[in-house]
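There are two complexes below, and they share chain A, which is joined by chain B in the first and by chain C in the second.
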Partner chain A sequence: MAQIQRPKSFLDSLGEEIIRIITPVSICMFIVVILVSILNTDSSSASTTINNIATMAYAETTSDSFWDKLKGALLNSLVFVAIVTVVTFVLVLLFYLRCTQFLKLYMGFSSFIVLGFMGGEIALFLIRDFSVPIDCFTFLVVLFNFAAVGVLAVFMSKMAIFVTQAYLVVIGVLVAYWFTLLPEWTTWALLVAMALYDLAAVLLPVGPLRLLVELAISRDEDIPALVYEARPVTNHHSGSRDGVAQRRLWRERRNVGNDSEENLNSESSLDSNLTNGTVDGGHHTTRLARAEEGQLLERDAELSAPLIDRRSSVQVHGQGDAVSSESLLLEGIGLGSTGAIKLGLGDFIFYSVLVGRAAMYDFMTVYACYLAIIAGLGITLMLLAFYQKALPALPVSVALGVLFYFLTRLLLEAFVVQCSLNLVMF
Partner chain B sequence: MTVAAGIGYALLALGPSLSLFISVISKKPFLILTVLSSTLLWLVSLIVLSGVWRAFLPLKSTVWWPYALLIVSSVSFQEGLRILFWKVYKRLEDILDAFADRVSKPRLFLTDKMLIALAGGLGHGVAHAVFFCLSLLTPAFGPATFFVDSCSQIPFFLVSAIIALAFVTIHTFSMVIAFNGYAEGNRIDQFFVPIVHLVAGLVTLANFAYGGCIVGIPLLYLMALLTLLHCGKMVWRRLTENGSTQ
Partner chain C sequence: MEGSQTNSTTTSAAGPATTTGNPNSSSNSILSSAPVWPTVDGPLGLSEDESLSYARRFYKFGFALLPWLWAVNCFYFWPVLRHSRAFPRIRPYVVRSAAGFSVFTFLLCSWALTFAIGGEELFGPVWDKLVMYNVADRLGLTGWV
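Moving on to the complex of A and B:
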């Protein structure tokens, strides 16, 4: 049977990188929404407030007046942001003093705590709600193994990419779910405060995250941090394969004589001490940056992200262009590293907190906030392609999300319910 | 009435869109982005409309003419936005074509352009289904159900899912017709879309009368069928013309 082979359009792979980062963010948000709707409808334990660093200043109760709640929420969020700033500066100091081993151990320890204790608590809630017949020895063994594999997956990059990505998403889900247990006004104030902090920490010259990035650039090192890396796009249309996908390892490009401009990072150090349920947020990672430039050997590979036009960015480097392309060729043979977008885990967490909190009101707000956050992420990616430096990923998305939440809650809902109940639609 | 019923209603409204998404749209990442942005655009238009009409709500449900006004204003606003969408798309097409020339790949094919239009329409349709039907389905997952006067034989959720399905079809394929009409300068296509949208919206007013949905819903499906047929005819014509000239 003769088949007419349509020439492949370049539309087939356009924008693939963006989708590869939107998919895990959507999955994380989806799981948090499901968890929130399942676990919160049953429990009417609004009286037991979680003791947190986030509610240290003020424990909100439903009977307080408007101004009390507002003041309390602002106070809480200020305290939280202050603590986060202090911890980040400590992190910068430790990184400066080259205590990287200590940082890595600390990250591993906090991931274990998150996966083991927070994951265990949520599993217990689910077991209680669905009356799953499981005995505690099996449960403990399974939980311990789950947490141990998670720590290994997140910190040894030799594991299958999918496992690492899955565990990062799970960590994001668990932390986000715990944040949604905070009282309502505090959550919203916290989100706005973290977005503003993020903006300041990444863009101001004295901001801790910017210092961290510059330190990492100048030393050409990796910051030990919890970062989600999207799988780099492999071009299936280029001619040089025998059906075997090229293995891509990604690492920073060693740029001879140039400043490499990649930096990632986000470190999210989360330490949770379960006895008093404090959550120490050292997290931010709200920096989106691109890890690597495209390799000039495979010109076709650049098609895969024309929306983030890498070729022009290579030319932006100016002199040393020829040098860098040669060094890429020499390094790159057989390995083919294309750029991968990295998004910090803190971004996953705060996006999911926003959507989870919207889920506690109604599903219409969930859809509206989801679209707003994805739009914000898209805008941030565009800005990233435009400005070519590390950018905070929280502000735009959180701003749009909060805006859409309140607009939907105040305006849209009444309108749509009015129309739908009378079966008048357009 | 239980989780199964809730999922059933959701699939009734969104099933065809889901299969369209999985089979056609998910293969090309750019189309997924198009769906997301057109859904966002529809949501924004809905928020603007609700902002304008908020002061007048709640409307009395015995009188039908405020609703007619609401529908006419909303449809005209959305059709205006469709023209805006078209202009943005034209700009995007030029950028994409320039990029294609730069990397010496073939320019956008006709089928690519139609796929983008389809994705845009699907975004609109999905937004309609999500905001007018899915977001009200939350009580359907519980143990009871709800009936409205105008359609007292079947549950409210089922009625709204059926209406949403019709509108999804209309929105999805109208966009293909509209983009093609603007591209070719075909007056019939250009006027077909707003008129069908307006008529479909006004037909739902029939649901005001007691038992009115027996009249309203078949008429609505008639409009959806009309849209489908017209779109099919137009696409067939374009593709055979294109195929014969190559």
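Moving on to the complex of A and C:
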């Protein structure tokens, strides 16, 4: 008896692709919220200001007046954005001069710093809070292992996908937690400033991230950057049809009119750690192609190179983070050459900073901001499908998140608390 | 009827091979359930020759006090461990990595548990000097953010 197979539409795998990018973002936010609620319960007053690059213009204290705090926060965020811009331009210059080896080394070095020192510090906070009786030798061995394998995972392009993705999420968590230690007004001003910077840097023709993306596309190279690339969605059900993908939403091709390579490229759907959309030139079309799996695998067997390597046109726009690694290219959402979605690590970090800051107030704001950010990410993905070029992933989500944070804090909380107190609802 | 029966046999034969996510191996899975791809990523991972050099490199680097790298090696080349006759060149490295990881973890865990459970009764005043939160306070490791 013949079985009627439902023809595959793009909707079947669209959900899976979106899930594969939303899941790591959610995990990152969740871990940051957990860390914030565990570690920050006693230091909520935070009278000690942390001297770092983001507060060098103004160290906020709780006793300043409203305008002082606002001015100070704006000044801090301006300084930070200026530093990030300069560093990104330096990055573009280095990439232009083809110092990719140096950039990769720097990336590995900064990952080691983040994983080793910041990871170690957060682990020490946890050990101290829970009085875990671990001795220093074991701790050092475990930390060294963790950091060394993390550097390898980030550095080498062919490590196990799951290990690389896990380490990128961990790096995002650590940097985001570090950012939540900043004073409150500075954090919010910084988020808004970075969203505006992202918008400008990716969309303006003179923006450094756009230059970087166009350079990488014209040279057909990968930007050495910390980018999360989701695993491609492979279609297990398409069997005997021709190799042409049935659902071709976005096409990313470097070779115009070369269908066989399209199919290969199309197999990896969402490998996107890069938050940058891939900018396509005139003849490229980004495509989330779902080729039939049978065909794809045959072609894979012919090529020995893994598909992940073929993501040259996906770029991640990023912003350097304040700690050490300006090579953390952060923002931007885009598509890999294989059609995988890439989300830059900076987007992970700033989303988690927003949610972490919301967690410092109450969990109600966490829920509201989480939903707002996911909605913003969905909107950005739709825009990415529509425009098919590199897009900044921060502005929409941060705008919605900040809006919902203040609305929740000002309006929803009063309503919910009063309702609960009077036993009207909940 | 025959059509459906052959369908079922091929799918069942392809069953063990699909652990690697590769229905393309259904052709040789009828003969032997050997996977085509040595890595856990399947067609997205490495080819067999590259796998050999990667497995060897991970194995050698693991001797620099990196048992976690050995564990990642075993995870990455899980199909090699599972199917004992599939990749004869890669298998020694992965098996040795697994053995090294187990031995190291056993030693480390036994030391850590002895330290944690024994506590001051076993070690005396040295325990306070070795435990991590005291070391962190003494060296001021949590001060600089």
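Just so we're on the same page, the second predicted complex is superposed on the first by the 310 of 426 C-alpha atoms of A that agree within 3 Å, B and C clash if a C-alpha of one lies under 4 Å from a C-alpha of the other, contacts with A are read in each partner's own complex, and residues count from 1 in each chain.
Here, contacts are C-beta pairs under 8 Å (C-beta built on N, C-alpha and C of every residue); 3 or more make two chains touch, one makes a residue touch a chain.
Remember, it's a predicted structure, so these values are computed and weren't measured experimentally.
Q: One more residue to check, A:Ile38. First (chain B), second (chain C), both or neither?
A: neither
Q: After lining up the shared chain so the two structures overlap, which partner does A:Met159 touch, if you call chain B first and chain C second: first, second, both or neither?
A: A:Met159: touches chain C, not chain B.
Q: Look at A:Phe139 in the shared chain and tell me whether it touches chain B only, chain C only, both, or neither; answer first, second, both or neither.
A: Second partner only, chain C.
Q: After lining up the shared chain so the two structures overlap, which partner does A:Leu93 touch, if you call chain B first and chain C second: first, second, both or neither?
A: neither
Q: Per the contact definition in the header, classify A:Val149: touching chain B only (first), chain C only (second), both, or neither.
A: In the superposition, A:Val149 contacts chain C only.
Q: Just checking: does A:Met382 make contact with chain B only, chain C only, both, or neither of them? Give me first, second, both or neither.
A: In the superposition, A:Met382 contacts neither chain B nor chain C.
Q: So which bits of chain A does chain B touch that chain C touches too?
A: 306
Q: What residues of chain C sit close enough to touch chain A in their complex?
A: Interface residues on chain C, with respect to chain A: 1, 3-4, 21-24, 36, 39-41, 43-47, 49-50, 54, 61, 64-69, 72, 75-76, 108, 111-112, 115-116, 119, 130-133, 135-137, 141-142, 145.
Q: For chain B, which residues are in contact with chain A within the complex?
A: Residue list for chain B touching chain A: 27-30, 32-33, 36-37, 39-40, 43, 46-47, 49-51, 53-54, 57-59, 61, 67, 70-71, 74-75, 78, 96, 99-100, 103, 105-106, 108-109, 112, 115-116, 128, 130-138, 148, 150-151, 156, 159-160, 163-164, 167, 197, 200-201, 204-205, 207-208, 213, 216.
Q: Under the touch definition given earlier, write down the residues of chain A that touch chain C in their complex.
A: Checking each residue of chain A against chain C gives 1-3, 50, 52, 120-121, 124-125, 127-128, 131-139, 141, 144-146, 148-149, 152-153, 158-163, 178, 181, 231-232, 234, 236, 239, 267-268, 293-294, 296-298, 300-301, 304-308.
Q: Which residues of chain A touch chain B in their complex?
A: Spelled out, the residues of chain A in touch with chain B are 6-7, 9-16, 18-19, 22, 299, 302-303, 306, 362-364, 367-368, 371-372, 374-375, 378, 404, 407-408, 410-412, 414-426.
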